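The structure under discussion appears below in the form of structure tokens.
To keep things simple, chains are lettered A, B and C as they appear, and every chain counts its residues starting from 1.
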Amino acid sequence: MSEGFWNRFLVPPAVWLLVLFAFPICLVLALSFGYVDDLGRAVYATDLDNYADAFDPTYLPVMVRSVLYAVATAVLCLLIGYPIAYFIARFGGRYRYALIAALVLPFFVNYLVRTYAWVALLSDEGLVNNALIDVGITNDPIQIINTPWAVIGGLTYGYLVFMILPIYASLERMDPAVIEAGKDLYGNRLQTFLHVTLPQTRQGILAGSVLVFLPAVGDFVAAQLLGGPDTYMVGNLIQDQFFAGNNWPFGAALTVVMMLFLSIFMFGYLRSAARESRAAL
Amino acid sequence: MSAFDRPRFLRVYVAFAYLFLFAPILVVVLFSFNSIKSLQNFEGFSLRWYEEFLDDPTLRESLFASLEIAVLTMVAGTVLGTMLAIGLVRSRARWSGSANVLMLIPLVVPEIVAGISALLIFSQIGIQLSILTVILAHITFSISYVAIVVRARLATMGTEAEEAAMDLGATRWQAVRMVLLPGLWPAIVAAGLLVFALSFDDFVLSFFTTGEDVQPLPVRIWSAIRFGISPTINAIGTLMMVVSITAIGLALLIPRLFGRRESGVKVLTGQEGG
Amino acid sequence: MSLVDESFSRRRLLQAGAGTALAAYGLGGLAGCTVSRSVDRSAEGKIIVPEIDGDLLIYNWAQYMDPAIKKGFAEHYGVEVNEVNYDNLEAMVIKLRSGAQYDLIFPSSEYVFRLRNEGLLAQFDRSLLRNSDNVAPFYDSPWYDPDSEFSMPYAYYTTGIAWRDDEVTGMTGSWNDLSNPDGAGRMFILDDFQEAIGEANLINGFDLNTTDPDEIETSKETLLDQKENARGFSTNSVQNLVNGTAVLHQAWNGDIVNVRNQVDNPENYRYETCTEGVPVGTDAMSIPINARSPGTALLFMDWILTPDNAFKNVNWNGYPQPCEGGKQAFAKLAKDEPSINVDLDELANGEEYRLDDPEARQLWTETFTEVKAG
């Protein structure tokens, strides 16, 4: 098959992606060096002011907070999700695919609607509070919503599937004989798990963590719907610059900073994945 | 050995976990049928919120807009994504590696970045924000999903069948049309349905690229939620859920319909063979 | 197997990085160019006449107009009336400037002034409106629209504090009431940079519209303190109070009427204006220059100003409308609840939000962002 023939397949999608994806990202980068003029219009320039502002003590905590929430979300997803993945992979048997499908199904409910469900459940007059009052644990509604934990909970719920699927995939690929051998070696469930299963699924855990962590950092929906004034995340900050604060260049700079930060993680993971697959050969 | 093979604790835990996953959604669905305007007390079964939804011209328009966007995204996305997949696997051009990177990046870019960059390019070119800009943005970010799914399948197919066809007198293009594409068909359809569901549900990207008069449904839900919760939102959410789940259900079943015994899950998660 | 294999060699990364940097540098040639905005100004210089020329798209605050009014217009004229809501005026302006097309907007007086200067409003001849004579003479020549050809008044308002007296006690009639401990965790400050910084300015005894950076800094600290007590920033006061999320809320006077119409225990919902200062203002109706159906919009303005409709609207949203019908309805509402009262003299002499200097405005918006982020 001649080269030119197959190359032609690449051209239209590559051009599309270049024009509507790569170039716009460059525009964001270019705009981040700009400023806002008197009429409130964004102007391209070559200042670094926006970056100075981004690392200003006023705004840096917002980014730190976003990272912390994202880390908490990833950890929760891991703790909640790993046992589920483990169960389906090892004990799912014939129902494996049905279980996975059932898992993925809620994910295809719109993210907003899923988060909204939590708003309805957790609000002061929501079902959770009603249940707590009925059972007698408390007399007045507890404020669950508009707190950092409500946001983290919402994020966890939203991204849990992204953690479970890669872990499941890596567990699937494991040879059950290895686990048997491990049990013979260590004699103990826990030891076998820690020393055999867990290390083998490291790649899956990493993949899942990245797939949860990355979008969680930039999320603004959960914080907006479930959060309070002290849960302001970088996603909210960026969104505000574009829709309320009218400072597109600053918003662009924040976006670039966030992207750079995330790409460190992303490339770190990809290099590790590449190394793993090379090692496996 | 016996206790390990029947992990009661794990079973109970997983049961609760599934409950945790489904409960909020079940609650949303349940209260969409509430006869009173309450999200805490269920009084009776009623379709009034669905009626309200379908009576409201703005919401109806949004529903059709969302469907329209999803269909167009599906069509264009699968075409471009399939081309990309074929090109990446078969091409030996030196820049195909860069094309590979180009394909992967949209998948890991946070949606807000995607939204902002789309907003920026449309502003710069001077295109008015509208359904068209939403479609363009959706297509851009669906190409990668299609490419990944189709590529996984393609990687397991050799070139022998096509070479055989060419030996029998077919041109390269005919070989592609009559041998390669049919072989890829389950993956293409599955990818297309996946993209349909993703586009239909999409919020962040739409939020940044939508115009004023007709907005996709998720953007309407966002405005509605911001201004208060109400069972109408539950109704919208339930309807959207039905559409998305149908699409994904089809995607998972389609390979079966093609007479293959592998599960759609495998096709979508790219595990080889069948 | 793995999708990433050799693509991510160091060389590739460097190439990608270099490519991006080069592109960005090339784009540095963009320096000085603005992000283009695409407002269609073809209607510049035209005088709009009231006639049906399409369906109506209204851009307004949430819960600010009686749905019956919109429905009545739709049925009477056989057109569709749709409404989109904004959270605050700055967001509204941003949308307008980026080319979004609405037919009718509801800017406050200051914003009419700004938008007019930017050429973003369409001109009309108010004598063509049947109900323009019903409007209070004060609005024949307001400061922000001297010939009254770019706006008609919709409502005027005061900003104060709304609360539930079955949950919160010890209100003193001061802006410091926002820090009342009974309201802790269930208090909201308006998500509007002017309202928020404004009330802090009043507490500190500064001018409502001060542009002194030191004073703004002090007000920022005040706001950060108040934030400790707050559950959030929101302009959705009606909804927050109705569903119990808020028991203390910086709010506008009409909201309390609207809230009372929706709850089971209206007598518990109260409103106060504060001794340190009462911001007042006018919300007007204007037609953007790029409206798709400006004629319909003008007709709708006339519709709202009809005494019957004004009467209904005021009873629904609780705000005084400066026209026949509206006046009477509000007089009755104010009799039952004197705290919401505001009359046109107060408007003439009262403190309105006004930030003419764009740099000052930027200082204010940045400060508010810092408050929200801090």
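Convention: contacts are C-beta pairs under 8 Å (C-beta built on N, C-alpha and C of every residue); 3 or more make two chains touch, one makes a residue touch a chain.
The shown structure was predicted, so the numbers you read here are calculated from the model rather than taken from an experiment.
**Student:** Measuring centre to centre, with centres taken as mean CA positions, what chain is farthest from subunit B?
**Tutor:** Farthest by centroid: C.
**Student:** Between which chains do we find the greatest number of C-beta pairs in contact?
**Tutor:** Maximum number of inter-chain contact pairs occurs for A-B.
**Student:** Could you please state the distance in Å, as a whole number, between where the Cα atoms of subunit A are centred and where those of subunit B are centred?
**Tutor:** 17
**Student:** With chain centres taken as the means of their Cα atoms, state the distance from subunit A to subunit C in Å.
**Tutor:** That pair's centroid distance is 34 Å.
**Student:** Among the residues of subunit A, which are close enough to touch at least two other chains?
**Tutor:** Within subunit A, the residues that touch at least two other chains are 22-23, 25, 27, 31, 123, 125, 242, 248.
**Student:** Residues of subunit B that touch two or more other chains: which are they?
**Tutor:** Touching at least two other chains: 120, 124, 226, 229.
**Student:** Of all the residues in subunit C, which ones touch at least 2 other chains?
**Tutor:** 4, 6-8, 35, 37, 87, 95, 243
**Student:** For a test of understanding, state which residues of subunit B touch subunit A in their complex under the given definition.
**Tutor:** It comes out as residues 1, 4-5, 7, 10-11, 13-14, 17-18, 21-22, 24-25, 27-28, 31, 39-40, 80-81, 83-84, 86-88, 90-93, 96, 99, 102-103, 105-106, 108-113, 116-121, 124, 136-137, 139-141, 143, 147, 159, 162, 172, 197, 201, 203-204, 208, 218, 221-222, 225-226, 229, 233, 236-237, 240-241, 244-245, 247-248, 252, 263, 265-266, 269, 271.
**Student:** Sort out for me which residues of subunit A touch subunit B in the complex.
**Tutor:** Residues in contact with subunit B: 1-3, 5-14, 16-18, 20-25, 27-28, 31, 80, 83-84, 86-88, 91, 97, 100-106, 108-114, 116-121, 123, 125-127, 130, 157, 160, 165, 169, 172, 183, 189, 210, 214-215, 217-221, 224-225, 235, 238-239, 242, 248, 251-252, 255, 258-259, 262, 266.
**Student:** Sort out for me which residues of subunit C touch subunit A in the complex.
**Tutor:** Touching subunit A from subunit C are residues 1-2, 4-8, 13, 20, 23-24, 27-28, 30-35, 37, 87-88, 90-91, 93-95, 97, 118, 185-186, 227, 230-233, 243-245, 358-359, 362, 365-366, 368-370, 372-374.
**Student:** Quick one: in the complex, what on subunit A touches subunit C?
**Tutor:** Touch list, subunit A to subunit C: 22-23, 25-27, 29-31, 33, 36-46, 58-59, 61-62, 123-125, 143, 146, 227-230, 232, 237, 240-248, 267, 270-271, 273-274, 276-278, 280.
**Student:** Residues of subunit C touching subunit B in their complex?
**Tutor:** Subunit C residues touching subunit B: 3-4, 6-8, 12, 15-16, 35-38, 57, 59, 62-63, 80, 82, 84-85, 87, 95, 98-102, 236, 239, 242-243.
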